[in-house]
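Chain lettering (A, B, C, D, E and F) follows the sequence in which the chains are written, and residue indices restart at 1 in each chain.
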Amino acid sequence: MASKPITGLALNIPTLDALPDDIQRYFKKCEEKLGMIPNVLKAYSHNPAQLEVFSRFYNELMFGESELSPLEREMIAVVVSSENKCFYCLVAHGAAVREYSQDPSLGEHLVMNYRSADLSKRHKAMLDYASLLTRTPSMVTPAESDTLRSVGFSDQGIWDICNLVGFYNMTNRVALAVDMQPNSEYHAQHR
Amino acid sequence: MASKPITGLALNIPTLDALPDDIQRYFKKCEEKLGMIPNVLKAYSHNPAQLEVFSRFYNELMFGESELSPLEREMIAVVVSSENKCFYCLVAHGAAVREYSQDPSLGEHLVMNYRSADLSKRHKAMLDYASLLTRTPSMVTPAESDTLRSVGFSDQGIWDICNLVGFYNMTNRVALAVDMQPNSEYHAQHR
Amino acid sequence: MASKPITGLALNIPTLDALPDDIQRYFKKCEEKLGMIPNVLKAYSHNPAQLEVFSRFYNELMFGESELSPLEREMIAVVVSSENKCFYCLVAHGAAVREYSQDPSLGEHLVMNYRSADLSKRHKAMLDYASLLTRTPSMVTPAESDTLRSVGFSDQGIWDICNLVGFYNMTNRVALAVDMQPNSEYHAQHR
Amino acid sequence: MASKPITGLALNIPTLDALPDDIQRYFKKCEEKLGMIPNVLKAYSHNPAQLEVFSRFYNELMFGESELSPLEREMIAVVVSSENKCFYCLVAHGAAVREYSQDPSLGEHLVMNYRSADLSKRHKAMLDYASLLTRTPSMVTPAESDTLRSVGFSDQGIWDICNLVGFYNMTNRVALAVDMQPNSEYHAQHR
Amino acid sequence: MASKPITGLALNIPTLDALPDDIQRYFKKCEEKLGMIPNVLKAYSHNPAQLEVFSRFYNELMFGESELSPLEREMIAVVVSSENKCFYCLVAHGAAVREYSQDPSLGEHLVMNYRSADLSKRHKAMLDYASLLTRTPSMVTPAESDTLRSVGFSDQGIWDICNLVGFYNMTNRVALAVDMQPNSEYHAQHR
Amino acid sequence: MASKPITGLALNIPTLDALPDDIQRYFKKCEEKLGMIPNVLKAYSHNPAQLEVFSRFYNELMFGESELSPLEREMIAVVVSSENKCFYCLVAHGAAVREYSQDPSLGEHLVMNYRSADLSKRHKAMLDYASLLTRTPSMVTPAESDTLRSVGFSDQGIWDICNLVGFYNMTNRVALAVDMQPNSEYHAQHR
């Protein structure tokens, strides 16, 4: 398939050397650690102030202190993105689930329909909640948290789940609306 | 109606003087400017690292450089929150629309059904797009941006609209899931 | 916001003195009691025969004999209208909830999302039922009435709830379809 | 199939001779004209005040002055009831469409899916509108009336359509909620 | 209503004597047993290879070995077709339910809303499952089969139910998409 | 992830040598050509009569005469299965799209959201139609075929598209309901 531009909008994304120094450093670090600069960061780089607050928020939710493991955070990312059918986030976070779980088939299940995966009670409850809060937010009240508590999540953990579900409902909408294209490197990773 | 706690979760929200110095300063600035500390900030304060990145992201999207006026950003906040039926955000941002527009009736319209409001073509297109991207994100592609361009938005402006729609789809889900209660001060403001 | 006509249709609404005598008397009574002639009545007045049967039906359901209190009938009106996003009915009956309950915040909750309000079991069951019967009527059978019975409603009371839910599903559709505008007096009442 | 009671609620429906005189006369007129007392009237008769206002409203909308023919009013009744899957109203008004149209197949089409019927442009537009206003009332504004005008409806006619759509959205919900059973006579009529 | 062609597509359906011999024989058998050649078979006859595999699949599911009675298979056909609003299948299989059950009213109930019919626990569970798997397939997992087991279905019976639900979800879509018209003979049968 | 049984039902699937001779031959042919016996066939083998008619129907639609290319038929299979979130069919037919197209990224796009793929007008129209007929069959009439004709499909081609959309709406429901697990070989194929 012919390669598409990073987004379907005309955003005047600057070249690497025209970016502020701290963003240049951040992008170099991405290349060293991930082997690429994720296209979502390049897309935001047309507005360096937004890029900074977006990436800091992202890093805090995905890598900050929490009782949720890194794999669990990625599992939520994929299930929310599957409900919303976000191509960018499914490709990028599907690869991360394959990596963290060392189970390529789990990544496929969560992309396609987490209900068919062989999940622990904890993960089933967590992903049912993520799916519900994505699809029908107006119907969710704290009563729906009781199942999460019964499988061992603390109220701080539930708060973190809500924030992750919220975050990917945000990025899914941005990525879908502008037709953001994921880096091609993701496709073959951790198969 | 009996007053409910800030959230329906047990989050161990610290008292003001137990918070880090920079958050104490931020909260005092809120009290001076707004006459209150918005409950959403108090809720996040159980995790100061999250509070910082959340409030910086919020401030950048709502007050950073953009072709969208402050009123337009608040209009998007209310219409997204109306589709999701988020009590907290409707109360807080409904008050902001009343304030910025000096038109209490406009605030009511956007809370209840923006389609019945008497809007300019620009605002009609902007809010139709916000509603669509909230309700059916998987159906939105850059083709849906054409109407926005035809009423004068640049592609950077469209990007900003997408980010605002995304942001309130995030906060709506957090606020609904934890049953966040807005400060009582909002109700009577700018009627 | 510029004032819009009472409806978006060209209905040839007669002036007060061109109306039949009994309608003139009815409208004068409205002005004395409410300080205004509700626009829904003015809209129907282009067809005096319809106005008469509509207003008699309305008055019977809202003020006739029933175990439902006046406040409860208005609460149902607001929750049905919130599910349907009917601007006219939310403005008019939201004001009535504020008046009867002496609790402006309750009016706001029911307009925005009754699930976040602090309700008695009786009112929670009543409004859950009103919401369900509004959203998915084909799924409702008498089995769904059991919760209503368990919180103290008799079968006559349940019948009355069904009729109120039905009535506002009717008026919401008429008001939305013709873009009926509420009297401006409602906005500031009982805040 | 075993015969079910008129409704699934315990409504203490009085015997004919215990009813007020005017209702007794009304019911006798029904028997003469229709060969039966429609069960919906019997159900309302537990509350004579409601019965009176309901039947007067019904008679005005179905038989009062309007540019809509009796068949067109029944066609709307059936299509609204089909979207809501109301057994009572489909049976009763399906029989009426068969009668007025002298076309049993048209009655079947409207009950099952009016989109497959061979309709005039006028009737197609009228029923598309009835279906839309039934399914997604919050999306309907006066802009949706333009197609109705283009096939010859006046604004008074559009008002009447809205009221009929509204009315059956009311009665469908009452009949579904209480599981109202239609008179068995309807089934074989006008086949 | 004017008679419409068998489908809304231009399919070059051959005359009977231009068909392969085995199809001619099959069609003659239909005429003998049913008094007509069902239009669905005529529609497929433009592609004899498809007609053969379609009719063999249909005959196996409807008349092959199974713990489901012929009536039960037809009941599933009607309820699936009612959820999908398929005119062709509702007419043809509604007639079959009337025939097998000797209960014209049951046929009407299942066409219009099976939830209002007076069903055994076994049939209620079977039709609830058929409706759910039709409307929200992605939500159905083997957990939903437990109710079917509790009313006496074996796992082979559940498999057969799933295949019938699947089959009518297929034929409904073909018939709706091409506007397939049922033979007029069905309408008056078994009333 | 621990391996799950072929289905979540207890179906008494016979061993290869207990199957009828013709099925044994068919399964051996599968192993030679595909390197495996697809689990869907093993699942149906508990009922050899069903297996035969199912596999003949499948083979006719997927490999019989048609203006649709083999890749186009697989593209429809994947897009229908994506709307229904069918894990089995997405895995099996996603692999086929990767194989026929020699474009692993196209397979991913169609699994996740075909709207983000870079498609020809012909394929865009074909997949929009497949998605619509899957999601809202009752809204589809022959009028929706006009776009297909405008991109070059004949009416026979449209018929074939409808049958493929129908077929996968059938198999998706069977596979989801019984939690059918795809052969593990698919995952790594044609990446």
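In this text, a residue touches a chain if its C-beta (ideal position, glycine included) is under 8 Å from a C-beta of that chain, and two chains touch if they have at least 3 such contacts.
Every value quoted in this text rests on a predicted model; they were computed, and no experiment measured them.
The chains in contact with subunit A and with subunit E alike are C, F.
Shared contact partners of subunit E and subunit F, listed by label: A, D. One inter-chain figure worth recording: subunit C and subunit E are separated by 44 Å, centre to centre, where each centre is the mean of the chain's CA atoms.
Rounded to whole angstrom, the centroid-to-centroid distance between subunit D and subunit E, based on C-alpha atoms, equals 29 Å. For subunit F, residues that reach two or more other chains under the stated contact definition are 85-86, 113, 115-116, 138, 141, 176, 179. In terms of inter-chain touching, the protein chains here follow a pattern that is not a line, ring, star or complete graph.
Contacting chain pairs (ordered by label): A-B, A-C, A-E, A-F, B-C, B-D, B-F, C-D, C-E, D-E, D-F, E-F.
On the side of subunit E, the complex with subunit D involves touching residues 1-2, 4, 82, 85-88, 90-91, 103-106, 108-109, 111-113, 115-118, 176, 179, 181, 184, 187-188, 191. Remark: subunit C residues 113, 115-116 touch subunit A in the complex. Listed in rising order, the residues of subunit D touching subunit B in the complex are 138-139, 141.
Against subunit A, the residues of subunit B that register as touching in their complex are 7-12, 46-47, 49-50, 53-54, 56-57, 59-61, 64-65, 84-86, 133-134, 137-138, 140-142, 144-145, 155-156, 158-159, 162-163, 165-167, 169-174, 176-179.
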